[in-house]
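First the structure, in the form of structure tokens, and then the observations on it.
Letters A, B, C and D mark the chains as written, and numbering starts fresh at 1 in each.
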């Protein structure tokens, strides 16, 4: 266990669509330790901006891992400028790995946009372990349904893009549930709106809802106490997203 | 032979002059990183308060040019919880452990000092007189009278070594350091972070949940260095330099200015191995400049000595 | 139609709220750059003293993380020389010219204010109460009594609009701003540069000839913004925000915090077109956010209004 | 007249020897205005270090100019990393152009290392105008006698490297003068030691000595008043290197 702080090498960095990119980083020290739920802190530049950026792991092998990211501000702009061959510092793997048992269980994965990222490792683990997986992916465009093909290899996939009719991808989930489909858990990421809907369905149909959360991070390793997530349950008001998260039971947290 | 990094901080013997700044380091033995705290000259813990505290409402962090703002607000397990962690976790370290205490009244400081000064794991107590992120907004290190009362209260409460940590948000840092010294501090630590703010121009409100926060990181290094230089010329007790140190060169500058040791804060967030690199870099500098001990360079850049 | 940048700074009408910070801009008509001062909301001149001064011994500059230190020490042609330059050069501008005066006693401030307040070219006087680089080391804006005396002396000496420029190196900036206001300042300008030091670890001495200098540039922006935010909540006179502004976003943040205008200093050294870009950027922001006048956004990020 | 602040494009950036590089920048707006004595402020990076770097102009055409620089600290390290094609901000041309009249005059140019740089435009101007030029170049290595071939096209050249015997390149000048050679002026750059020798010779043989000075600069355009050169003559104690310099009469300044 434990995390490392090492130099990786960018091996690919492709534009997917609109403001979304996918970067592949050769970094055996960290890739080899990755588990579902993990994230990394990345910095591919010198000088400004000052802090590294937290990013979920989308895909990993023993040698390398991939991150799908949206260009928002200065840091992700610098990331998009990192050409193959460039050194990039990586701290990871970070966060609490998802250690759920999926044998014989049915789970749904509900993701929107780059929020889809952390769901793929969960889908793979569930499928490998003998669970069944329903993926519900939503994005602005077809291309931004990142990893759609990968999810398709693992089970049933429903998608929804903003280019299509305006409904929620979780409406499909609701229909399946209404038709008597059983679910043990749903993992949601990247949309507050979809989360609310899942929580409603979870309460109605009796399954656990988990959510991947994001909060500003300086360190990612529990040093700074900055990444506070407000809790609805438990003895403490806040939880550190980088240590206890980024995955939480939806009912335990306040999502802003 | 490579230069000797051992040094003395008052009555504390350190194997090197580099330690983390309070609130900028932690250790999770069950999820350990590449860096063991025993490599450090000492370990300074996050400030603790008498009562448990949740800390401030998010957003607690904002990035700034060559630095960051934080408004953590000292989440704390309270005295009892802290004592348990001290005994169960920090007691496992071989390097000296410095506990940091934060409080709202001289009496609270005294209770914390009396109780924690008795803990065998505590090699020294740092008195955080300068947290810019507490709700009442009063910073003892900004008020000559309150500062003296707090330091005296701690001095009376314990025989342990006490380090007064001061705020840069004052008109005259030398006055504050001198008050701390005469009130019984065994060492002075400066600087804490500097009050600052960032505004989200799209949301049209301050980024931090609390409005303002404390600025730290390389941006503030020249400010810290000037204050350390000044204070080292005015007090007899040892001074710990802190503020923006991010490379060995920075740490060396503080030593040359007269600091007896340095604390490294924000840079560890970006590079968790920064402290190790700084320790190595100090040794290389001493070797290349022909010094045999780190104590040889303390105060060398002063014009008054 | 594009947003209106015109605004009012007390009795001064500006075509936009952007002006250079004192000591960070000049104009050499015979060796003119791509940038004409008349593009600016106003021009603030380098501080001038009563007697001619050489300024400090080199080295006067040092680079720091996201900023720099300066110890220029106000080289000055003295009142007479300055008056000549004012009449021969600065009178050629159409935009308001703000002269900055620096002095060692309230009497000197009064003489400068009386004489320069009479000059038709001078639209307002900025009183530099906060230069960190003068030999006596006394900064009026650090001393409540001296500050009041200086501002009152200026107030009595002239009917001209006077702007008090304050120092960040104080425990309580609101106190200093309130004193300035009650002593008769028509506007408050903050912040001046912050005391700082860099050390050359190879030469083992401070880089600046004078030891310490003033820190400026993006590094100090969060500090300046917090002070401007605080002061805007405490005084009724307009506030000019200055410190680390380097992009339109920064200038906008100061306006949202409550500043009526901004000054741009150090960034012009790196990018002489920075002020022009900031003016354009403010207009673009107003347009994209649907405001018709820059005055609409002043103070919008405040929680107290 | 006047200066510009524009983006140039790096068209070449070659390592010469040891820590010295030569960069060529396509920048017609500024190159077209260059005169001997001018310098530029360069910045080829974003973020840190904060300030641009002052550099003398070694060679210029109407389209582009060349700078020869020594990698010292962070700024020049970044400059050495600027690949062809990269944008670079340039402020210039800066400083007071050398407006001396060279017709029928004999001048000597004494330069050491990268200090040789600002002498080449002076040599060219003198030669074009009908003056004669003696160049005395000194450096650590043969390759660091930058522009030796260019100087050779313009007149007599004497060189000296640290690899050779240890004497001063100005000893040759002294011999020429002792042999009755007439000189109207000497321009020195890059060595205090060679400057002293030239001043001594100037006093003895009655010619003017000029020196290219360097001082830390924030702006290069007279805004900051930081680049103070201490004067031995004149009414003011300091002169601004970026406006009144970088060339000074040696007798008028204090060289530290």
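FYI, contacts are C-beta pairs under 8 Å (C-beta built on N, C-alpha and C of every residue); 3 or more make two chains touch, one makes a residue touch a chain.
Just so we're on the same page, UniProt names per chain: A, D = Dihydroorotate dehydrogenase B (NAD(+)), electron transfer subunit; B, C = Dihydroorotate dehydrogenase.
Bear in mind the structure is a predicted one, so any value in this text is a computation, not a measurement.
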| item | value |
| --- | --- |
| Separation of mean Cα positions, chain D and chain C (Dihydroorotate dehydrogenase) [Å, integer] | 36 |
| Cα-centroid distance, chain A relative to chain D, in whole angstrom | 57 |
| Whole-Å gap between the CA centroids of chain B (Dihydroorotate dehydrogenase) and chain C (Dihydroorotate dehydrogenase) | 34 |
| Distance from the mean Cα position of chain C (Dihydroorotate dehydrogenase) to that of chain A, given in whole angstrom | 48 |
| Junction residues of chain B (Dihydroorotate dehydrogenase) - those touching two or more other chains | 62, 64-67, 217-218 |
| Two or more partner chains touched - positions in chain A | 48-49 |
| Chain contact topology (line, ring, star, complete or other) | ring |
| Every chain pair in contact, whichever chains are involved | A-B, A-D, B-C, C-D |
| Residues of chain B (Dihydroorotate dehydrogenase) touching chain C (Dihydroorotate dehydrogenase) in the complex | 62, 64-67, 69, 142, 169-172, 194-199, 201, 204-206, 211-212, 215, 217-223, 225-227, 229, 244, 249, 252-253, 256-257, 285, 297, 300-301, 303 |
| Chain C (Dihydroorotate dehydrogenase) partner contacts - residues on chain D that touch it in the complex | 1-5, 43, 48-52, 89, 91, 215-219, 221-230, 236-238, 243, 256 |
| Residues of chain C (Dihydroorotate dehydrogenase) that touch chain D when the two form their complex | 23-26, 28, 30-35, 46, 54-68, 70, 72, 75, 217-218, 266, 268-273 |
| Complex interface listing, chain A residues touching chain D | 45-49 |
